[in-house]
Each structure stands twice: as C-alpha cells, then as structure tokens.
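Here chain A shows up in two complexes: once beside chain B, once beside chain C.
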Partner chain A sequence: MSTFLPCGVYHETYAQDHAFWQTNFIRGKMILLALVSFIAIPFFLTDYLSEFILLIYWSLGALGVQLLIGYCGQLTLGHAAFLAVGAYASFLLMALPWPRFMLDMGVVYPLVLLISGIIAGIWCVIFGLPSARVKGFYLILTTMAAQFITVDFFIAKYVSQIGGRQQDLTLSSDLVKFGPWTVDTKRDIYYYGLILTILMTFMVLNYLRSKPGRAWVAIRDNDIAAESMGINITLYKLQAFFVSGFIGGVTGAFWGASRNIISVEDFTFGKSLWLVGIILIGGVGSIHGVFYGAAFMVFMIWALQEIVGMVGGTGNIIYYKEIAFGLAICGFLLFEPNGLAYRWWQSKNYFNLWPFSY
Partner chain B sequence: MNGATASHRDDVLLELDDISMSFGKVQALAGIGMKVRKGEIHSVIGPNGAGKTVMMNCINGIYQPQIGNVNYKGEKINKLRPHKRAALGISRTFQKIELFGGMTVLDNIRLGRHMHLKTGLISGAFWKGKTQKEEIEAREFIEEEIIDFLEISHIRKKTVHMLPYGLQKRVELGRALAFDPELLLLDEPLAGLNLEEVEDMARYILDLNEEKRWKMTIILVEHDMGVVMDLSNRVLVLNFGNAIMDGTPDEVRQNPEVIKAYLGEEDLYATRR
Partner chain C sequence: MKGKIFWLALATSMIFVLASGLGWAADEIHVGGITDQSGGTADVGKDYALGLEEAVAWVNDNGGINGKKIVLHMFDYGYKRDEAVTLYDKLKTRDNVIAVLGWGTGDTEALSQTVSKDKMPYVSASYSAHLTDPDKTPYNLFFAPDYSSSARAAVTAWYDEIWMKDPKYKSRRDKGEKPRFMCFYHHAHPYCSAPIKAVKEQAELLGMEIGQDQDLSLKALDAKTQVLAAKRYKADLIWHGNTTQSVSVAMKDARTLQLGAYHAINVWGFDENLPRLAGPAAENAIGVSPCAFYGEDVEGMDAVVEYAKKINPNVSQDKRLIRTIQAWGAVKLLAEGMRRADKTGELNGETILKEGIETMSGYNLGLGMAPVSYTPEDHRPTSKVSIYIYRNNEFQPLSEIDFKERWPDKWNNQWLGY
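Showing the complex of A and B:
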C-alpha cells in the first residue's frame, strides 16, 4: 500500500524517507494517541479498563500470528500453545528460589519475561521445523499438532500437575516487579500491557523495514524467487517462527500476570482460532489490522453482553459470542476480504485526495 | 583489468559438463555441454520445449541435474542450494515474472541486496545505529547504481503488481542487479515487450556486459533472433534436450541443421526488422 505525501513535504536525506512518521500531521496524531492511551484511558475510562486490558492481550497475541501468517505466509492454527508455553514458563520460573535481593530490586520478573519469551520462541521453532518441507494446508496440520501436543497433552497432563493435582498455578502479584514498580492494580497492569505492546509493535515494524522482515515478505510472495535471490528460506522461516513464538510467549506471560492464575482452559484450540479470526477481520498483512481486529472483537463482545443483558437473556452469552464472531468472519471474507485496515486506508485516501481523486 | 582482456576471454566462468535431466519419460536435457567465458554474452536458443529454462534452473540450482556436473570458477556446485549459488555471484531473472507482488519496487530491489546486508534478529529489532546505517548505504547504492541506470525513479514507491508488464520486467532486472553478480542469467528478458522496450532492454544488456562498472557475464535465453544475433558472442542451439551446435552467431546462422530445426525459412527468423 503506497502512501501519499502532502504537497510541500520533501525529503532531503534517505533517513527521512526511512522514518515511520514523516509529516508533522502524523507526529501530531501519534502524540494524541499517546495522550489518549497513557492518560485518558487509565484515568477517565476506569470502568472499561478490563476491556482495554483484553484488547491489549488480543492485539499482542494476534501480532505474533500476523507476523507468521500475514508477513511470512506460514499458516498457523496453534498459536495459543505458544501463549501457554510463555505463561507456564513465566509462572514456573518465578517459583524458582531467586535470591531475596534480586526480588527486592525487581530484576527477576523482567528477566523471567524475557526468558519465557525465548522458551516459547524455541518451542515455536520446533513446531515450525516442518515448514522447511510443507506449506499451506499441510502446515496448518502440524501447527494444530502443536496445539494438542503442547496444551492438551504436555501441559494438561504434566506441567499443570506440578503444584499438586487439580491445582491451578498462581503467581502472587507483589512478585511482578519492574525495578521499583510493582504491577498490582488494574491500572498498573494496563500500563504494563501498553508498554509491552508498544515495544513489540516497534520490534515488528523495525524488522519489516530491515533485512529479516523483507526476507519474510519475499518468502510469502514468492519462495522460489526468494531463494534465487540468496535468501536461506529455511533459516528465515524459522526466524519468523521464533519471533512469532517470542511475542506469543511474552503475551502469555502478560496474561498470567494480569490474572495471577492460569489454567489450561485459558489456552484452548478455540483461542488459536480467535487469534486467526482477529487478523482476518483486521486485515492480513497489516500491523494496523491487528489492532482494528482486536478492537472489533473486544468491543463486539462487550456490546453483545450489553444487548443480551438489556433483552434479559442470561447465561447463553458464550454461544452468542461464538455465533457473532463466526458471522463476522464470514461477512468480512465475503464483503471486505482485505479487512478493516484496508477499509481504513481507502477512506483515508479518499479524504487525502478529495476533491480530485484521480 | 584493461590489459588482460585477451587472457580474460579464455577464463571459463561456468562450465556445464554433460548434464542430463529427465522428468519421468521426458528427456528435458540430454548430455548438454557448454562453456561460458568471462565477459561474454552467451545465448541459448531453441524452439519451445527445447529445455532452455530447465538448463537455467540447473545452473541456478532450482533443479539439480541427474547426470553431469555444473562447474563455476572450476568448482563443482551441483549440490548447492540456490541461495548458496547466489552467494557465489549467480543472479537471474525469470521468464514468467517472479517478483514479490506485494512489495514496492524499492523493496524488491532492496531484497536483491539481501546478501550484502548483515542485520540480524537483534540489531534489526532496534533499528537505530547499525541497521539504519546499513539501510541508508544500501539505499544509496540502489538509487545511484540501479534506479538511475534502469530509469525507474518515477515508480520506486509503487507496488509491483500494479505496474505494467514492461516495467515489471525492468524491475526484475534491477532486482537481479542489486547484488552485483558476476554471472547473470536472463530468461527471455524480451518476451512480451514492445519494440521500444525491446530496444531499451537490449541497451541495458549491452551496457551491463560492456560498461566498466558492471562487466557482467551474461547467459541469455531469447526467441528474438535479431537481438540474439546482434548481442551474443556465442550461441548454443538446443532442440528437444539435445545441443545441435555451439558457435558464433554467423556459424549458427549458416548451419543447415539449425535452420531446419528452429530458424525455418530464411526471411522468417528475422522478426521485428
């Protein structure tokens, strides 16, 4: 999607042309976005903080899926497995006997977050290995295997029994400390997730404008040509799996920290499908799409709950939710297969080019 | 480099040693031998289905010949994967355009620069510093050497699949040039172009071969006899997987067997004249 620069904006160096935000208008919009997300939401929309935390969670999870499906073209239907690996890894690592002073200084949790991301990344690479040989539908099957082997077998049968039979793992919130900052109130969790999202989004965007990201997109568009241009496609596919798994693991750890308790029910196959659904609705191959898709989903569920509450139906919200989500995906595939991000881009262009749209 | 042109001519850059390739019962290549010397344009011609593209794929590594060797600079490279061969300096374009459709022209050409960049997962994540410097250097190279040379500066930010065919061919050539290869394989670079674009493309090919900046050795697969006969130093003629002859354009033009197999009636082969 090429973009237009307004009249009078000229770049004089290549660095300007490589920058994310190229005009003052966009910089202004970004400052506004930062003000809204750092101040307006946590202080003035406190009633809806849970929804926003969910939004952060789904966007982070879908970011990893977007990288794999949207940018590297490797279909995956088992991403909840890597979220689970990250969450369980962070809980178990926090349970290790860390020295007291490290806990007090608050260096343990950041370290654990990083390590659990890396563990999930490596786990993802293991299940990405078949991608060297298979693609498309066949790869879907191997990633589904990741879901069932990891969550339904490995974690449900063995890992979750560690604390005792039928006992969910817990993490006391005063252990979640970044330096002097303890993440215990809802607002803290919101900030934690927000900063994590910003970091991860910038990471992915930076990849996409440098060597690894270009190689991923090339593999998605045309793997034979990519290989004859000197790209080691197996290596780069596995790198994409690693980064995607890393983001997934970090997301899982964030989810755990926001709940203080995790169980296998948080990481079902359905969740993997929802993550893919988010990027279908938001737009495959677009970072904007991740956030639009996640927002669509979270606020659709919220609105449904309100409506169902008003009508007086109770208890069946879970079914309405699934039905609405399925319908939404069907609708998008039929009427707007490029997703919300494409619709947004189109309307933006309409106003940018108005009144002479040619 | 200047004084050594004579001995240069005798350097064999790429040698196909009796390569054979068959798909089921179809013998695509039957014992083809070919020597490409440094600095020459070596054309491969033949009717459709003669095995020209299969031969290109064997050189490039997409196929590995079942019998025989591919030697590059005296080393056997049969078993190397395409990306390893690219690292040795072999670049190519495709007959049916194989660009990365969703990327911009600039990104496509940057991708050709892939092997010269060193950004990894860690430095790539941070961008500032090493990666940024490297990207700017790559951009300078691309703008000054390639976009300028191929005259595609007006479309550099356009998405590739929106471009007309002739420009796409040019972008593909640009991508192949971006990593500064020694041996360039051009698989029908002129197919489907109009007269003006053919003239442009022929000029680029000659420049790449002759200009001091590039000095590329080129293997050219083409159906346009006028261009082939004018540009090439040597021509290899294939027919149903067999090499009919390998010689200078004049020798090829007069060989009765070639005329019978491919060129046909004398007036017909000189198209676009």
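Showing the complex of A and C:
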C-alpha cells in the first residue's frame, strides 16, 4: 500500500476500491483522529466534555436522518419521534424486574439498547409505510404525523404516565453497565457515545458500499428508473426506514443514559427540524457532513452564548442570538448550499493538487 | 467574493469569542443563572431574569456575602433542556460557580440528579413538589409553596369561600350535588403537569367530581375546543396549569362561550399581565401568589422598585410583574444561605445546604412571602398558601390555607415529594 495514490491509476481490485482506508496517509489521519477523540478530548478538554457529548448526540441523531434524506431521498420531519421511542423503550425495559445476576454482569443494558433500537426501527417502518405510495411533500406530512402521534399523543398522554411519575422517567446510572464497565461519569458517557458513533457510522458506511446502499441511492436519484431496473423500491425504502429508526432508537437510548432522565420535552418537533438543519448545514448526502453540521450547531450555540454572556445576559441581546442563528442557516443556504462537507472536500483538493491544480 | 465575506465573518466571530478570556478577583462568589428569555415560558421568564440581576446588585450593594461580592453568570437557554444541561456544565467547570439560580421544571428536574452528585445548590423558579424530598433531590431548593400545595390550596379556597358561601350554589348544595372540576394544562410539559395528581387528589378529598383533562398548549391562541368540552361537562371550577399567555386565552374563550365556571390558576399564570391580556374575562380569577405583587406596600418593596429603576431604567415600570419579586425571593434565600455558610469558614455547595439553608426556621424573607423553614427531612418551605382573587380591578386576598393545621397527618406523612 502506498502513501499517496498515483495520479491516474487508482484501484486494481474491488477490495481496494471498497476499502475504508485506501492509503497510508489516510490511515495516519485516522490514527490521529482516534488519538484526539480517545485521549486528547476526554483527558485534556474535560471542561468541554458536555459540548462534545452534545456533538456526539447530534451526529448520531442526524446520521439516521442523513441516511433517509441524503441517501434514500425520503424526506422526514419527524425523526425526534424515533429518538423518543428508543429512549422511552430503553427506560421502560430497564425498569423490568431483571434477575440480579444479569444486572450485575452488565448484560442487561446492552440487550436493552439493542431491543430499543429494534423497537424504534419497527416504529419507523410503520410510519414509513406510506412511502410506498406517496413522496415529497406528502411524505413530509406523514412523517410529521409520526412526530405528533408518537410524542405529543402516545408518549405524553400514556407512556409517560407509566409508574405514576408524571412526565419524567428516570434511570439510575449504576444500571447502565456494559459488562464490568459502569457508565457513570461524564468521561464514561463520552466514551459510550463515541464507541456508539463509530459502530453506527461503520454500519451505515457498510450499508452504503453494499447492495442496499446502491439501491437507496438509485431510489433517491430516480425511483422510476430504479424500479424499472428491478429494484424492489418499497422493500428498500422500508429497509432504509428501519435502519434509520434503529439508529434513532439507540441515539435516544444513549441520550437517556447520559441524562438519567427523559421527558417528552426532549423530543419536540423543533428537534426534528434541528436534525434536518444539521444535515443541510453539513451537506446532504455526506457522512462527513453529519459531523461537520453537528459541530457547527454545537459551536454556534456555544459561541452565541459566550457573546451574550459577555454583555450581561439579559435584554434585547437575547433576540440577536436567535437572529444570528437564523442568519447562519440562511447564509449557508445562500453561499454554501452543498454544506460544510463540500467546503471540506474543496479545501482538501486544493492541498492535494497543489501546486499544479487543473 | 460573497463566499469569502461569509467565511471572513465567521472567522472574525470565532476570534471574538476565543479572545474573551475572563480574569477573576479572589473576593468574589460566582453564581450561575439559567433563565428563559426567548423560549416557551419567556412571557414570565424575562421579568424574572431582570429581577435576578437587580436582586444580586442589591445584595452586593448591601454588604454582599459578609463582604464578598456575588458575580452572576446569567444565560438564556430558551427552555431547551439540552441547552440547560450543557449550560450547567459550563457554569460548573468554566465559570466555577458554587450555586445556580435556575428556572423551569423541565431543566430543574433534568438536572436534579446531576446537582445532587455535584453538591450544587440549585435554587429554581420551579416550585415542583417533586423537588421537595431531600432523600431524592437534596440540592433542589426554592422559597415558595410548592405547586402541589398551591394547587390544593386554590381548590380548597374555592370550595370554602365560593362553593360553600355563594348563594348561587345554594340550591345545588342543598340537593347534595357535587361540584364539577376539570383541568386545563399542557400535558407534555413538566411544569403544567407537576401538580395534576395532587390537585385531583384534593378535589376528590373535598368530594368533587373530576372531568376529562384538556390538553392546552402553552402557546395556544385558541381554547374553544377545551372550553366547549368543559361546557358539556358543566364544570364549576377549572384548574389552569399553564402560564399567563395561554391562561388568558382560555379565560377569554370561556367568557365568549359563557362557560360560567370559576378559574383557579397556578403561580406562573397569575400575575399583573392576566387582566391586561384577558380584560374583563379576568374578573373572579382565583390564583396562587407566593409573594406580594410588584409595587405593593410591603416590607422590602422600596428596594425592589429602586433597583428596578436603577439597573434597568429602560424597562417601563408598569411592565414590571410579580416575577421580579419571585426572583428576589430566590436570590434572598440563596444569599442568606451563603451568609450562614460563610460564617462557618468554608463556603461551598455542601455548607450552603447544611449550614445555611437547612438551618433556617421561620426565616422571614420579606416582600409578603411566608416565612420559610427547611429541615434535612423536608424541603417544603412553608405549609401556608395565600390565595388571591382578581375582583374590581385589583388582586384581593381570598383565603389563607395552612395545611399543617388542617390536614396535619396528610401533610407530614403523605404529601411529601409529589
């Protein structure tokens, strides 16, 4: 394996073509990224850990949305509902009378995490069923219905009343155990989220470079052409809904575990829009874009808060914060419609081709 | 070119933020403030935030905490729970605060486990009874009667003073009919839903019939469906669990549709803005008030008005609300706790709770608030609740309920923690 790809000749085998890390240079970058995210952030940027946890959460949530919107072309405005289903499912399942030895061994939580993801996936498929017949704006409406039926009706009125705890469900952090490892401190939560993100990202990448991924992209680009080529579009659409819902479900479960308490307020319609906003800013149809978009959102809030904090924290400045946020999104749509991922690709190309760009 | 300007603007704002390093003096006490000035509860949150700012200035001008000044790090979180949690971590790790003045039930309950772990006193504007059991939430504190007690008191006051006394109900009373009770609140909202279980329990205790709950959004602009449901049920008393804006909408619709029921309103729905927004529909509104209204002639009000004029001169005086006074209550409670803790020589979260606030017994905060007491077993500040009624363009006292006196057994043993 060479360090750089020779100009012109790219790959000789399919395995090479499909490899995640195609050159030693990329491998080096990935090792650096791993060092930063596994060592530098949790040990040297401890004051900012909760921002990074938020970044992980937004990235994971947006990953599912990216899969649906960016790769399968199915517009969704109700993804927070599937996060909610995952979160509530995990909390309620953890409240079941599990045998003590299973809790002590730490096998319950991983199992619950998996089941919550599957429940959310199935829930997502139910609301994805109309995609067999409708698309575009009409599909947006059915996914919005998912939001309101799931969160504002089903969860707010019935599920959150379970156990007589009113709106909030709680989960003690000593129950969140993976084998001997108890997820307790901020750093543990960070690692839990990080590992989950890596797993989910690889899952999505693997889907994308195999048969379902190619089918999704074909459906996104032109569903009639895809069908005429023999792709069972209903099946693949529902598969995309399932995978996306699964990611949403584990994201919700992760969120619940990181907070130890969940409420319907955590999964509002605004959050669904926010997730779509992340992929718009990051770049539709790009896995990088999910992370850049999430980072931008977290950084933006943080920066605006610091600015507002400097001038006192009350008065009209609050509205400038809201306005600035709206402006940033407008700015992206006007000047960078392909998102931050495209900007990243451009800057990368600039350096790759320097000094003889053509 | 346009693109370049955009990126330049982004880069400049980044530098601006990163350059804002802060240097602190040693004799300062850092306190965090988490407020909602742009979100769902901003109708009452803006005034509260102003009140916090003014009350802290007043404490600093009057000796501070045994000579040390309070530095308030106040931020708006727009009633988004995620943001509140991140903000709290920022306040704790980067601003080194030793106590937080928080806001709503959502963020307070979301943070309650974290603040217990961190031993960080969290004085909230949420008076949810779920925060009063020190076994579960030792570091959550507030100065006012909790929502559940308030709701119980409002229903009891209506039963005592109106159902039992009003000649209008005489024939029905004589027939042995039960009064009909119904709740209007935003189901998916922890503040609105916090006292619902307690208020229904109380209605049942008083022998009322309870109708189907009506879901009314905090941002509702129309409540006709809910009012019509109440009319079909022939409700006599409606409990409003929302904030002023949607409560006024429901009351206006109730007047238009001639519902003819009384309205009992929770703390954050009952203020000077209610008659402004609801107009004549606000007549006979019954509500809970933990303290005096803005500008009322009570002990300590001069300072409130003086500092409101001094610190925020561009906010008109007739726009100020009871929320300012509530903010003062929170600050005064925390300041006294810190003063007592500081005298022991060590000022941190644990001493503020153990040596400060939990040593208060019948401590008078002024401003028309009931004296507060805290013990390591019970964080309900007071068992006395004052109920007001809006009649003839002014808020008049209707009744004062003391639960410890009336239901001592239930108060001591049954009602703690929800």
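The definition used in the following text is that the second predicted complex is superposed on the first by the 331 of 358 C-alpha atoms of A that agree within 3 Å, B and C clash if a C-alpha of one lies under 4 Å from a C-alpha of the other, contacts with A are read in each partner's own complex, and residues count from 1 in each chain.
Operating definition for what follows: a residue touches a chain if its C-beta (ideal position, glycine included) is under 8 Å from a C-beta of that chain, and two chains touch if they have at least 3 such contacts.
Worth saying up front: this structure is predicted, and the values here are computed from it rather than measured.
K.L.:
Consider chain A as the common anchor and indicate whether chain B and chain C clash or fit when overlaid.
P.N.:
Fit.
K.L.:
Touching A:Tyr319 in the superposition: chain B (first), chain C (second), both, neither?
P.N.:
second
K.L.:
A:Asp104 in the overlay: touching chain B, chain C, both, or neither? Say first, second, both or neither.
P.N.:
neither
K.L.:
Using the touch definition from the top, say if A:Thr46 reaches chain B (first), chain C (second), both or neither.
P.N.:
second
K.L.:
Check whether A:Asp221 is in contact with chain B, with chain C, with both or with neither, and answer first, second, both or neither.
P.N.:
After superposition on chain A, A:Asp221 lies in contact with chain B alone.
K.L.:
May I ask you to decide whether A:Gly213 touches chain B, chain C, both, or neither, giving the answer as first, second, both or neither?
P.N.:
So A:Gly213 only meets chain B here.
K.L.:
Which angle, in steps of 10°, is spanned at chain A by chain B and chain C when each chain is reduced to its C-alpha centre?
P.N.:
Between the chain B and chain C centres, as viewed from chain A, the angle is 140 degrees.
K.L.:
Going by the contact rule set out at the top, does A:Val243 touch chain B (first), chain C (second), both, or neither?
P.N.:
The answer is first: A:Val243 touches chain B but not chain C.
K.L.:
Check the contacts made with chain A and report whether chain B or chain C touches more of its residues.
P.N.:
C
K.L.:
Under the stated touch criterion, which partner chain does A:Asn232 make contact with: chain B (first), chain C (second), both, or neither?
P.N.:
In the superposition, A:Asn232 touches chain B alone.
K.L.:
Look at the superposition and give the distance in whole angstrom between the closest pair of CA atoms, one from chain B and one from chain C.
P.N.:
Superposed model gives a least chain B-chain C C-alpha distance of 24 Å.
K.L.:
With the touch criterion stated at the top, can you tell me which chain A residues are shared between the chain B interface and the chain C interface?
P.N.:
none
K.L.:
Sort out for me which residues of chain C touch chain A in the complex.
P.N.:
On the chain C side, the touching residues are 2-3, 6, 13-14, 16-17, 20, 33, 35, 37-38, 46, 49-50, 53, 72-76, 78, 80-83, 85-87, 89-90, 93-94, 106, 109-110, 112-114, 130, 187-190, 193-194, 196-197, 215, 312, 418.
K.L.:
Can you name the residues of chain A that touch chain B in the complex?
P.N.:
1-2, 14-15, 17-18, 203, 206-207, 209-215, 217-218, 220-222, 224-233, 239, 242-243, 285
K.L.:
Quick check: in the complex, which residue numbers of chain B touch chain A?
P.N.:
60-62, 81-83, 85-87, 91-92, 94, 98-104, 107, 110-112, 114-115, 117-121, 124-127, 131-132, 134-136, 139-140, 143, 157-159, 175, 179
K.L.:
Can you check the complex and tell me which residues of chain A touch chain C?
P.N.:
Going through chain A, the ones touching chain C are 46-47, 49-51, 54, 57, 151-152, 155-157, 164, 166-168, 170, 173, 186, 259-261, 263-266, 270, 301-303, 305-310, 312-315, 318-319, 321-322, 331, 334-336.
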